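Scrolling down, you'll hit the structures one after another.
Here come two complexes built around chain A, the first alongside chain B, the second alongside chain C.
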Partner chain A sequence: MATELGPTPVKEPASGGTPIHHGPKGVGEDNAIASQGKWAAWLLAPTIVALAIVIVYPIISAIVMSFQKDAGLDPVTGLFTEGGPAGLSNYTNWIFQQCAAPGGGTVACPPGTLGSQFWSATGTTFYFTIVTVTLETILGFWMAIIMARTFRGRSLVRAAVLVPWAIPTAVTAQLWLFIFAFEGIGNKLFNTTILWTGSENPARWAVIIADTWKTTPFMALLILAGLQMIPADVYEAAKVDGASAWQRFRMITLPLVKPALMVAILFRTLDALRMFDLPYILTEGSNNTTTLSILVVNQLRQGFNSAAALSTITFIIIFIVAFIFVRFLGANVVEQQTGAGKGKK
Partner chain B sequence: MTAATELRAKQDRGRKVAQNREKWASVRTYVSAAVILFWCLAPAYWMVVTAFREVGYTYDTSLLPTHVTLDNFKTAFDTSFGNRFGQALLNSVFIGVTVTVISLVVGVFAAYALARLNFRFKYLVLGFILGASMFPGVALITPLFQLFTNIGWIGTYQALIIPNISFVLPLTVYTMTSFFREMPWELEEAARVDGCTQGQAFRRVIMPLAAPAIFTTAILAFISSWNEFLIASQLSNDATQPVTVAIANFAGAQPQQIPYTAIMAAGTIVTIPLVILVLIFQRKIVAGLTAGAVK
Partner chain C sequence: MKTPKFLLPVAAAGVLALTLSACGGGGGGTTAGADAEQGLDGRGPITYVQGKDNNNVVRPVIEKWNAAHPNEKVTFKEQTDQADQQHDDLVQNFQAKNANYDVVSVDVVWTAEFAAKGWLQPLKDKMALDTSAMLKPTVDAASYKGTLYAVPKDSDGGMLYYRKDLVPTPPKTWDEMMSMCSIAKENNIGCFAGQYSKYEGLTVNTAEAINSTGGSVLDADGKPNLNTPEAKAGLGNLVTAYANGNIPKEGITFQEEQGRQAFQDGKLLFHRNWPYMYSLATTEGSSKVKDVLGLAALPGIDGPGASTLGGHSVGVSVYSKNKATAVDFLKFITTEETQRFYATQGSLAPVLSALYDDQELVAKLPYLPVLKTSIENAVPRPVTPFYPAVTKAIQENAYAAIKGEKTVDAALSDMQKSIESASAGQ
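And then the complex of A and B:
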């Protein structure tokens, strides 16, 4: 790592990382950090302010909205009612599937209403996430291992994997819709007569295949970058010691690539949990392909406040998953990012 | 047979087995590489082939180009069925460029601070920015939809640009941070020693070095704005819709018939410039994409 050359040069400890956390503190260092801190505050201010406006403000406003009643026609009196405080009713509407009943109180949401779809949408979202991330991890790992080898045409393969990544998801959805058309090339090639968007399993697999096609390259490139950090002599040493290919994979590749792999899986999981474009365009959410994101969008025009409650629930679910990854599965994004993990190199 | 010849024969056999194994390994590598190429390129190839196929042969499944025509590209820009693909292209370019420029101008300072300065709460700020980039767009859409409805911004460009900044800005900050961290900043000091002022050192030494990093970040930022669909699908109208929305809603002459050939032509137009750009800057792009995950 390059030696830091701030206004007052600050020597970094050899192990990497920042002196604030790891190094022994000198007297001059406090001053350096204080003056750099002032600079940093000015430099960071525009970004922090911009993100506060475009992210923090909407979150807070969504939470406030979620405790308000949606204005609308009262089902009993037929009169227009103003909103007013709703307590937790927007949340119970989704989680316990309780809809407002005529004449006050609540009843179980009748089938077909959006309120009744919360748990199925949650299930669909997790189904997509688990299946696609698993497939993408396995395929991506395999692609990365191939791309890490030296062979003629390697750069061609590395360029080719960027093609699906560069195609916009909306285009990907239309493309796979065409491939999966009844008379399309998909059925022709595999000699099947599947009505892909016509029933639950084919529809779900159409989305899964399209998503896997589109995002495996990203996974493969992240894993490849991790693989390239492993020094070749480690493998040589293991070979000399008589380790089999499988042993080398399990005892060297897997543990050494794990930090990069976990970050890749975390990124993809969070991305899959907010999946919207593909099922929205490819299957239009029919046949149990409605994800939480689609449900929020469907709710938008039927009442902001209830949609706000649902988007807050979605946000919390994603937050919990991210927390589990970072806390328990060792996906240390910040450490990777700040280079504190560099000592392991 | 003496012991020596026996040993040599054994060694020969061993070498042959090793050679064979290597040969097989290399064959397996090539077969795998071919499978990867097919998997990644075949669907894209099919899009391009269909884009150039006469509409009457939409479901022709011969693998090579047949009934080649340019009509679909004309149809893609045709506005008689209510499609406004040409307008949408301009919208996407305008939105993408604006979002990219704003994010770069704002983000470059933050990236410099995160890469070069030591300060308290650095980890907190980094965590916040990374968290922001993973933030689900769907959590923004409800409050923004209400806000923009109230102030009459639905169908304006700013209603599309502002939400895009929420995910493009964090992306640019953390990509540039890891690029900046890799830069040889000692040269700045060296230039100072050689008599440059701080400003000169920045202009003549740092700027040329940082330019490729900033350019790569700009491509990544533009692509992610170009691909945005969720927010645009709700907050745009016919006049401001970007290409992703136009392609998703592409209508044909008959409502029941999806005009696939024209859609594939539109998809090809949207994709080809990006693919060319990405392939030219392949190495840098991959470095930018994987920045932060492994550094």
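And then the complex of A and C:
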């Protein structure tokens, strides 16, 4: 709980601290501020260097690689040779699903190549994202409303709800793999003989069920944090005015919890768009459960440069989604924090 | 500061880091190192890299070596027990030209890829080793373009497990086995299963089916050769058996463990699996087939079928500085004594032909004679530097064919085209 909810309150003093510079100040304070700024730069330098090494360098390196051809085989020596510059071909090959043809040039990727799976993987990724985030939002909201009430054993419930979230995804996937086995408890319990990991719709729903089970608590807690910031007197005033429970939910709870809700949905959406471990372990990507991330990892074993292009495409897709959320749907971490700050004061 | 714009770079950096971080180790590329000639006479301490040592066989062998070679000590670098992770770890260290990965254990299917990338030292001239006492398929699997790049360390082959109580004499051919499926029906159990979930095991089973009917995935030049009547017959056998229920429908979800569980629970008449299953099926308390477990070679057209070869070889990195020590260590690993120790302590199938007829070993591992037939008839999985793409092409199309989503002809022709495209490079 602390790690997930931590960043929201922690960032507040940091961003709240900066206005000091803009505040009214005396003439003598200028020097002090200048040296403070120097100090700040020095103190920040290690972080910036660390970020440059672990984020900027790999990103630039990957983008550079994505414009290189993958190594080809020299038919005479049987050894791999450098591919040379590729221009945009790595990108266009993915988007138009073109693969190398035996005699040179390209052909439409035959079924069985990774190249033929780009659009289906994109579709699968969005399908998983839309279905899981919708389910998680509804269930998470419901759980949050229950947890926001005062009742005996509330802290126990709050802690218990966190258990699925606390289990590492790989372990979750393995557990669900046992449940979804043909002779597993899933089929035993409902007396069915569904091939959960062996046919298309069950395989997709197996992934969705496991993912929803795991991440709904995360959603619930973020929404709960939003719910608790709504002052009780607003509800009392509404009650006095004769608003029904549904009206109170629609006119008070929803608008006031919206900033927190949007941030929660944004986080979950970005997370779901890069879904990897669950389908990889549950189905190995069979039966149309190959997500873009799985495709990247598979491609990584066949050629780095093409994989770099694919991961850049994945990034752009996710970035566009994030942009839409922030720009048009009002998922705004910063404003939400300001609101929270005012609420507290 | 408090505008939405503030978020964009942060979101961008965060998202990009998440999606791209996996590729950071790339770069480098491949060069057949010109400085690789170095270190052929070099002697000194070396490192041996291998996946998780589950049966504690590596450390005792190394201790013994170290006692005899105090100036050329071997250090053991243990990887995880996941084959994919071992592969990726080796690739990263080869790309970084890590001189500390002197001797590496490679899965039979990686040899060609590593050799073609120029990462493995060819074992010829000064580095030559005698492989005449070894089983030929294991040596073939460790060679690329006629040159030995690694020395076989342990082997593995598929075998047919059957129920002695229900089948008095095991089937020799596939058709014979299918005709015995009426016995399974009478007893209300499944007839036959291998591993048909979409993963590496499906490549193994598909290749076995195709090789057993005289077909082959790749021809001698490494070109795909799948539009043949033999290949059609092979894949057709699996497809027909799944369609008519001789392979139970849950077979499509089987990896090794699920199949073993089904057989041990008495739900299968015949089962194709690796030797590791033998001791588990005969000793595990929950096994219902302990006393009725029979073993035979895989069925073929008119005799034993062609198993797919498993196992590991050991190669020397071209970046190693102490190659003379490394090659001595390779010889040490393949001595009869070490091989016998691997077999008794780790249940690893030896690569030396003579050990399969050794009375003492057979008493301990009763499956050895059957396994010998299996490995002698084994065909290495397609030896190609494009193995990762080839295995995906096989899995994807065989899976669709077995499920009935594609005809056998279409599946094989798509397999053919996919492999051609992969080998054409980019």
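One rule holds for everything that comes next: the second predicted complex is superposed on the first by the 290 of 345 C-alpha atoms of A that agree within 3 Å, B and C clash if a C-alpha of one lies under 4 Å from a C-alpha of the other, contacts with A are read in each partner's own complex, and residues count from 1 in each chain.
Heads up, the rule we're going with is that a residue touches a chain if its C-beta (ideal position, glycine included) is under 8 Å from a C-beta of that chain, and two chains touch if they have at least 3 such contacts.
As the structure is a computational prediction, the values presented were derived from the model and not from experiment.
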Checklist line | Combined model on chain A: chain C and chain B, fit or clash | finding: clash
Margin query: For A:P58 in the superposed arrangement: first (chain B), second (chain C), both or neither?
Written below: both
Notebook entry, point to check: If you stack the two complexes on chain A, which partner ends up touching A:S286: first (chain B), second (chain C), both, or neither?
Noted result: second
Next item on the list: Give one of first, second, both or neither to describe whether A:F178 is in contact with chain B, with chain C, with both, or with none.
Entry: first
Check: In this superposed model, does chain C or chain B come into contact with more residues of chain A?
Finding: B
Next item on the list: Quick one: classify A:P202 as touching chain B (first), chain C (second), both or neither.
Entry: neither
Margin query: A:V163 in the overlay: touching chain B, chain C, both, or neither? Say first, second, both or neither.
Written below: first
Next item on the list: Once the two structures are superposed, pull the chain A residues common to the chain B and chain C interfaces.
Entry: 18, 51, 54-55, 57-59, 61-62, 65, 181, 183, 270, 274, 293, 296-297, 300, 304, 307-308, 311-312, 314-315, 318, 322, 333-334, 338
Note to self: Could you list, by residue number, the parts of chain B that touch chain A in their complex?
What the structure shows: 26, 29-30, 32-33, 36-37, 39-41, 43-44, 46-47, 50, 59, 61, 106-107, 109-110, 112-114, 116-120, 122-123, 125-132, 134-147, 162-163, 165-166, 169-170, 173-174, 177-178, 181, 184-186, 188-189, 223, 226-227, 229-230, 233-234, 243-245, 247-248, 250, 258, 260, 263-264, 267, 270-271, 274-275, 278-279, 282, 285-286, 289-290, 292-295
Note to self: Under the definition above, what is the set of chain C residues touching chain A in their complex?
What the structure shows: 1-4, 6-8, 11-24, 26-27, 29-32, 84, 87-88, 115-118, 144-145, 197-199, 249-250, 252-253, 258, 261-262, 265, 385-386, 388-389, 392-394, 396-397, 399-400, 403, 414-415, 417-418, 420-426
Check: Tell me, which parts of chain A touch chain B in their complex?
Finding: 2-6, 10, 18-20, 32-33, 36-37, 39-44, 46-48, 50-51, 53-55, 57-59, 61-62, 65, 142-143, 146-147, 149, 151, 153-154, 156-171, 173-179, 181, 183-185, 188-189, 213, 217-218, 221-222, 224-226, 229, 259-260, 263-264, 267, 270-271, 273-274, 276-277, 280-281, 292-293, 296-297, 300, 304, 307-308, 311-312, 314-315, 318, 322, 333-334, 336-339, 342
Next item on the list: Please give the residue numbers of chain A that touch chain C in the complex, ascending.
Entry: 15, 18, 51, 54-55, 57-59, 61-62, 65, 68-73, 77-83, 86, 89-90, 93, 99-104, 107, 109-115, 181-183, 193, 195-199, 270, 274, 283-287, 293, 296-298, 300-308, 311-312, 314-315, 318-319, 322-323, 326-327, 332-335, 338
